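Both of the next two complexes hold chain A, though its partner changes from chain B to chain C.
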Partner chain A sequence: MDAPLLEVKNLTIRFHLQRGVLSAVQNVSFSLRAGETLGIVGETGCGKTVTSLSILRLIPCPPGNIAGGEILFHGEDLLKKSEREIEKIRGRKISMIFQEPMTSLNPSLTVGEQISECYRVHMGHSGKVAREFTEHALSLVQLPSPQTVAGRYPHELAGGMRQRVMIAMALACQPEILIADEPTTALDVTIQAQILELLKELQTKMKMALIFISHNLGVVARLCDRIGVMYAGSLVELSDKKSLFTHPLHPYTQALLNAIPRPDLRDETLKAIPGSVCNLFDPPPGCKFHPRCAKAKELCKTEMPRLEAKSGENLAACYFPGA
Partner chain B sequence: MMLEVKNLTKYYDISGGLMSRLSAGLKLLKAVDHIGFSVPEGKTFGLVGESGCGKSTTARLITRLIPATEGEVFFQGRDILRLPKREMRELRRHVQMIFQDPYASLNPRMRIIEVVGRPLSHFQGLKGRKRRDRAAELLDLVGLRPEQLDRYPHEFSGGQRQRIGIARALAAGPKLIIADEPVSSLDVSVQAQVLNLLKKLQRELKLSLIFISHDLNVVGYLADIVAVMYAGKIMEIAPVAQIFNAPLNPYTKALLASNPTVGSYMETVRSPLKGEVPLPVNPPSGCRLEPRCPIRVDRCKTIEPMLEEKRTLHRVACHEV
Partner chain C sequence: MLARYVVRRILQLIPVLVLVSLAVFLLVRVIPGDPVLVMMGIDQDERARITPEQYRVLQHQIGLDRPIYVQYLNWADKIVHGDFGLSLATRRPIVEIIFERYPATLYLAATALLVGLAIAIPAGVIAAVKQNTKIDYAAMGFALWGVAMPDFWLALMLIVLFSLKLGWLPSIGYASPFDNAGLFLQHACLPAIVMGTELAAPLTRYVRAEMLDQLRQDYVRTAWAKGLPSRMVIVKHALRNSLIAAVTVVGLQTARLLGGATIIETIFSWPGVGRLLIDGIYQRDYPIVQGAVLLIAVTYVFINLIVDIFYKWLDPRIKLE
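Presenting the complex of A and B:
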């Protein structure tokens, strides 16, 4: 097997706030192989965005603090690099797109100006070459008339088109890894399908690895090879897609799957997860899911389980995994 | 029938000032355009569609939060849209709404006892001890604790606030509840709790429910009858099983194919509809879906398809079905 392209090891991130210390991410480890699609799912506040921002070193410190761990990219620890070295990787080798494209597009520049700037700054192309590349990038994301779109300002575009522009920008430098944080959450379902299809196509064409973050298991299901499930700052399961949906290992994964309404199971009462997510300022000892877990035993209340192989290459952080 | 909607229409003139109207002509946003449907007693009627298709406008028209351009809404036989003010009060008691945003829809300065107590005194004439007891009962009914009556909204989570919104709606003693995206801002695990609650209450209290959502899975789980809207028009209405198992309109089919479900995890992504979701501004005279439709023919451009019964209880607006 190939050595992983990216390896996150024991990543721990805290925020030092007035109310106290918030543990946003705790001991998270996963790896990403070249060309693979890794999904990360979990409910709001579980640490998906913080984890992905830390890969690009975009966590505001303070109040944030990467309290431990390594992020190895081609074997080199990104957390040890200088800001100048990181700038050579960010947007170039590793790119990111966000849920709300308006926040990352500059409202006062045309779409064309913004994308060609990527080419000039990162690749050192001249204005003319950059403009040609820009047009190519816009046609790559299948915008109907690239030249017209290049002359538009972000607010003049509909949601789906804006997200296409974001993708064009993120892929301008042919990154090895694209991190997409809820890129379709704000979109209508038919437009979401278009963007997912586009991402999949481009990923195959450009042979890049994709980390796709979403709270929607159905979306992740359609796109990803492997899926990681996060709960309250921990990665509780990391399994290949089929296993995750047919034989989920972690009780939280099982509970999440059972809580999703399905038109084909309308006569059954949904199995809601009792209680609510723990307070991240004061998480319980042991497994953070134990207060809501039907299987919890004494051990779960005292010892935090580690993410380990439980079935083939599928990993779970649970003392009593499986059915 | 609990509610019968006929030719309900809302047009917005978005031409701007006189000058732009003279130069660019009249611009009409046909937010809801001559739609009709019926909600049977004790059933859940689901209204599904993408942003801007007219779902929320429909809800606001029925509750008279905004005036209609045209049409009738019969509630137990009487046209709501033409009721005098005095009788509207009685109607408000019977038709209650639940909103999407559990944060914005509760007054932050009102304790829960006041939130739930107001409709109790207003519509049921309850006061003092009786009012408090009934409010406590309602909290219990929606899965909150009676001792939480004296708390303020900010002390509750999103799911709990949505329960409070439900208790407030129930306090009036309604026959029909219109819920506009009531679970859209909630996480899956909390959403499941609220959906279970709505389903239980609807059955036990024999309420009629209009449930509006962009989420097909949620509508498919809760509704008995489903109407699919697109750009101000109803494209298809049928019992829920027919919508999901044997959809006829190409838009419904596209929605279902685009819908990511956990059941379809092994399917690859595909997008059956190209282009953006349009706003119906000066829409073409034919079918609204025509520009994006995979099965369009010539007449779809010029002749508008009517909602017609193509199978038993299954009405579809499409020339090619």
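Presenting the complex of A and C:
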């Protein structure tokens, strides 16, 4: 097996706020191989966005602070790079698209300008060449009449089109990794499906790795080879898709799966997860899921489990994994 | 779309201009004393100098024996045709006098505007980018000082320092920038700094607040994520949007500069409309006062119009509506 393209090791991120110190991400480790699709799921506030922003070093500091860990890209720690060096990676080698296509584009610049500046900055293309590339990029994301769209302002486009523009922008320089942070959450269902299809297609075409973030297991399942499950700032399970759905290791994953409505199990009622997510300012000792876990024993209340291989390649942070 | 908006805005100006002209018209009539004497520039206690016969002739000449609305309509009709009457002191047409003075006011305001922008934009941007650092505190300190400090006081201090003590710059005088640009700059330097500071102080705060807001926006995060260098993110993305919002403030402040230049023009003996106004008041040359006030008010109104149109044109989101 070849060396991973991206390796996140023991990443810990805190926010120093007036109310206290919030541990947004704790000891998160995962790796990504070239061309692979990794899904990350978890409830709102569990640290998905913070984790992905930290890869591009986009956490606002202050109040944020990467308290520990490494993010190795081609074996080099991104956290140790200078601002200059990281600028050459952002948008060029690793790109990101965001949840809100409405607010993520600059309202006072045309769509074309916002894409073509990527070509000028990273590739050193002249304005004219950059414009040609821009039109090509817009046609790649299957926007009709790219030339017209390039001259439009973001507010003149519909949500789905804006997200296509975001994708065109992120993929402009053919990055090795695309991080998509809930790119379809703000869109309605039919458009959501089209965007997912497009992402899948472009990923294969460009042979890039994809980190796809969502709070929706179903959406992640359509795209991803491996899926990581986050809970309250920790990665609690990292398994390949098939095992995750058939033999979930972590009780939280099991609970999530039970909460998905399934047409084939009509009479069985959905099981909501009892309790609520812990307070990130003051997480409980031991496993953070233990107050909500039916299987919790004494050990779970005192000792934090590490993410370890439990069944083949599949990892879980639990002392009592599996059914 | 924009053309329709412009037409609508210009139509909206008509009532404003009517009100302004009414105010200017009534100005002379609310000044204590007999309007006939006021209009003729004769002191109230010198009334004995003219016979009742002369008085009636004067009254008729000026039209003060007719009903007040007729007086207004006659007056407004003349104004619209560019006839502001004659100066009492020099018997020259007001229009001629005012338009001799107007360029000096405009040149000074433009210079002050440049000074103000040159201070406020960089100061506001740097303060926002370096929020809560010493630079930020320094910029905010400057802004507070600039807002609190009376402009005549700053003017006097600058004159004391640069004209009297150091002898670097003249404290009074004027040259047209088109006749002698160097001399103009020498003379405009101190008044432009005073007026520029007056403009820069509130504007620095505004630019800073607006930048802080923009820097938090999602699209700025996108710009960082694209790998743009920080200068590009700050200037091309965040500042651009901040300035769109700041245009209105700049416009209002500029209009205020133009109108409020009376004190500064007087202190620096700047031959502009503001000083003309003050001189007119001292000399009881009321047609001059009327003309100057009207011009300042109309300038104010039109600058606001231009700013509004410019704002529409700048912000693509508003254009659609």
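Heads up, the rule we're going with is that the second predicted complex is superposed on the first by the 320 of 323 C-alpha atoms of A that agree within 3 Å, B and C clash if a C-alpha of one lies under 4 Å from a C-alpha of the other, contacts with A are read in each partner's own complex, and residues count from 1 in each chain.
Heads up, the rule we're going with is that a contact is a pair of C-beta atoms (placed from the backbone, for glycine too) under 8 Å apart; a residue touches a chain by one contact, two chains touch by 3 or more.
All of these numbers come straight from a predicted model, not from anything done at the bench.
In this overlay on chain A, chain B fits alongside chain C without clashing. Touch criterion met: A:I260 reaches chain B, while chain C stays clear of it. Geometry note, superposition on chain A: angle between chain B and chain C about the Cα centre of chain A is 80 degrees, to the nearest 10. When the shared chain is aligned, chain B comes close enough to touch A:I191, but chain C does not.
Taking chain B and chain C in turn and counting the residues of chain A each one touches, the greater count comes from B.
Using the contact criterion defined above for the overlaid structures, shared-chain residue A:H215 touches chain B, although it does not reach chain C.
In the overlay built on the shared chain, the residue A:A272 is in contact with chain B alone; chain C does not reach it. After overlaying the two complexes on the shared chain, residue contacts for A:Q18 are found with neither chain B nor chain C. Once chain A of one complex is fitted onto chain A of the other, the partner contacts of A:H155 are limited to chain C, with no touch recorded for chain B. With chain A used as the common frame, the shortest Cα distance separating chain B from chain C works out to 10 Å. Across the two superposed structures, the residue set of chain A contacted by chain B and also by chain C is empty.
Within the complex, the chain B residues that touch chain A are 50-51, 157, 159, 187-193, 195-196, 199, 214, 216-222, 240, 244, 254-255, 257-274, 276-277.
Within the complex, the chain A residues that touch chain C are 56, 58, 83, 87-92, 95-96, 98, 100, 103-109, 117-118, 121-122, 153, 155-156, 166, 169-170.
Of all residues in chain C, those touching chain A in their complex are 217-219, 221-230, 232, 236-237, 240-241, 244, 314-317, 320. Those residues of chain A that touch chain B in the shared complex are 43-44, 158-161, 188-194, 196-197, 200, 215-219, 221-223, 241-242, 245, 255-257, 259-266, 269-273, 276.
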